[in-house]
């Protein structure tokens, strides 16, 4: 016991039971998924081999990654503009904007998805209005395709992009911006050379958050994609619930998990991830 | 949702109190009235929990109320046992998970007959006790070892009368003909029905569909992919039609009546070549109520229950005895009515039970 | 780049600043010569930083005008004024090396890389940071950061350098050292320095002229010596150094503690006041003695320790003496 306590801080012993519980609850299911992916329906690498053999599964993964990348780009760029506007708005307007942003968190994804159909569907408000004033003869197909999926996903993701950016922008010292102007830099120069680099941790955090959340998207692509935009999350759910190919589902889940971990690892080579996730800069 | 849950709990409490004599009948009825719930529904539900009950695993929505009034009441009258619901939807994966986990909480699942074919041999289902349940009170071939068809639903289509009023589409060949009938159409996303419709459109006879020629069916599906949307739930199929997103929509036939009503008759149901799907009751292995559940299934087979389900849910009877008693106003919508029965085709649960998983994946890969 | 010694005079004309109904700066006029080291001195809330921010262009002028060498700059944006500035807390760019920080002004002016490099080397030599060019600001000490900020602000040879409490974050010993360096750099570059501080010692030791401010207005302007020797009012006299205040014939006088002489006993013929020593505090180079005078006032006296007569002790009776010129008559206020 003495030898033990010499190496382990007593604080650890106090939290050890909780720590073990958390580790078990997190790692247990993940290990179970990995196990399934190698054992169902029969032991071996069969599920992984199939990913390479069957073009369809690779295509679904690629569709997912592509949609997530586009969603992330649009969400983060739009989120950056919104966060910028919020930081520079008057206090009153800023609190209105923040309220609107937070309210959108409370609206269920299903409601939002169907709201887009009402707005941009074939007989939606926008198309009907445009037809009525004679701007278009045929309705524009915003929905039930990849465009619809992107609109729905970007809309859902923007608040997730705004929050980390907001934190990052609020922590910038106004005097540093003033210093740049004082030294003769134009607004544009100050933005690109000072503001953007200083908000990079927020940008990276927003990008990671939005991208990782997007990977799990299911309802929006299923409804707004008109059935033609099949993303991994939905495919996994079908394999679990309908076709009972649990090995395939586990394999795809494992691939996604590894993909995200690999992404974090690569990013950690370029920057300290602790600064991205709210740690101190130094 | 919360509100509903609260009312239910309040009434359940009251029902117990009423039974125990702590509350007089008048107060109890007033409470029921205030909550808009019939007393027998409460007594048939949680109130019986204290005694003995059967848990039905269905899909929620209206079916909870309909199963209670169509089957539950009679079942309670016959056996003194109550009926409870799990409305989370008995997808095949969930049934397998429940049985594998050893924590079986449902007695009977409102599922498809092909589920009985795929889950039966793997030991996830109890066999149907045909000394209690009748093989004659369903269509031939639809009383299987691990499941029996209690109702039929079907894949039919609706069309836009304003688009094709003079020369309406009459069969699946028309449905797949984008030259003659331009416009968007919708198909079921999980392959079922869509594959058969494609084959019939391609000239395969309705009684020679199985085993399905997958390549041929998928080629046909792909040929109209640019003009197709795919739905994954009944409400989605409904809204695609009602919102005018499609001119031709494959739908579950029991939705036909509501669609005609919601569009003021603009969309019309076509039952020619409709595919009858055997909806079945299956029993998860090791169900808590044991053999009592067979009485419940037998009750559901009876003509009054069959007609009540048609009235309440639009699900067509599978008991031939009930066919002739389908009321006039339901004739166009019930696929086993005298009006439709000669023009429909029948799903083969055996093929789907054995090949369904691969078929769904192949279909998904073709449309995405 | 123009020769900074030829330009850099500032004319501040009747400048006021309002924040809503609050008047932070009240009708200030001031002429600053080129090459001058001018200090704005005052307690917090006196409007000195607000005035500096208007000169820098970060705040609009509510009323009045500011001109550089006679030409109004009131509407010129901050980035076009070409004034160097050392910020409170330095405001260095944390993601850039020392070299990039110092060269920033030239880099945004799109000067050739070779010129920037040479000029940055020159500036780093001026502030003695040649060996730290590739460090990030976060890796430097406070004093070093302060010098980077100075080099950055002077790199583009601005006609005017604004310094906003630049030594506020340094400890006292370091501060004295940096004051020397600042004065030295001012002499070498010849730029007009406008220096904001609330520290009177800093102001006295470095400035050519000091502007004492209170409540948004100027109390007194002058060389350190003028201000110390001839404060015009009670505020100036007490803010800059210590002072006793004496009433005589209905007039108020300021009397610096070190200008009073003490004689033991009550025998001196020229005694202006008599009293009893209440306390004595030893400060090394001098001794502070509080005398309870017989006219019911307290007088503070600083005397050199080496002159301390051995018979001075707490409780002893003393005579207080001073020259006529030592007492400065004050205006009211």
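Order of writing sets the chain letters: A, B and C. Residues in each chain are counted from 1.
Going forward, contacts are C-beta pairs under 8 Å (C-beta built on N, C-alpha and C of every residue); 3 or more make two chains touch, one makes a residue touch a chain.
Here the structure is a predicted model, which means the values were calculated and not measured.
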{"item": "Central chain (distance from its CA mean to the mean of all protein CA atoms)", "value": "A"}
{"item": "Farthest chain (mean CA position) relative to chain B", "value": "C"}
{"item": "For chain A paired with chain B, centre-to-centre distance based on mean C-alpha positions, whole Å", "value": "37"}
{"item": "Between chain C and chain B, distance of the C-alpha-averaged centres to the nearest whole Å", "value": "88"}
{"item": "Chain A and chain C: spacing of chain centres that average the CA atoms, whole Å", "value": "54"}
{"item": "Of all residues in chain C, those that touch chain A in their complex", "value": "56-58, 77-85, 87-89, 91-95, 104-105, 108-109, 138, 152-153, 156"}
{"item": "Residue numbers on chain A that touch chain B, as the complex places them", "value": "54, 56, 59-60, 63, 114, 117, 121-123, 144, 222-223, 226-230, 235, 238-246"}
{"item": "Residues of chain A that touch chain C when the two form their complex", "value": "173, 175-176, 178-186, 189, 193-194, 197-198, 281-282"}
{"item": "Touch list for chain B against partner chain A, complex", "value": "91-94, 96, 118, 184, 187, 189-190, 225, 229-232, 236, 239, 243-245, 356-358, 360-361, 364-365, 367-368"}
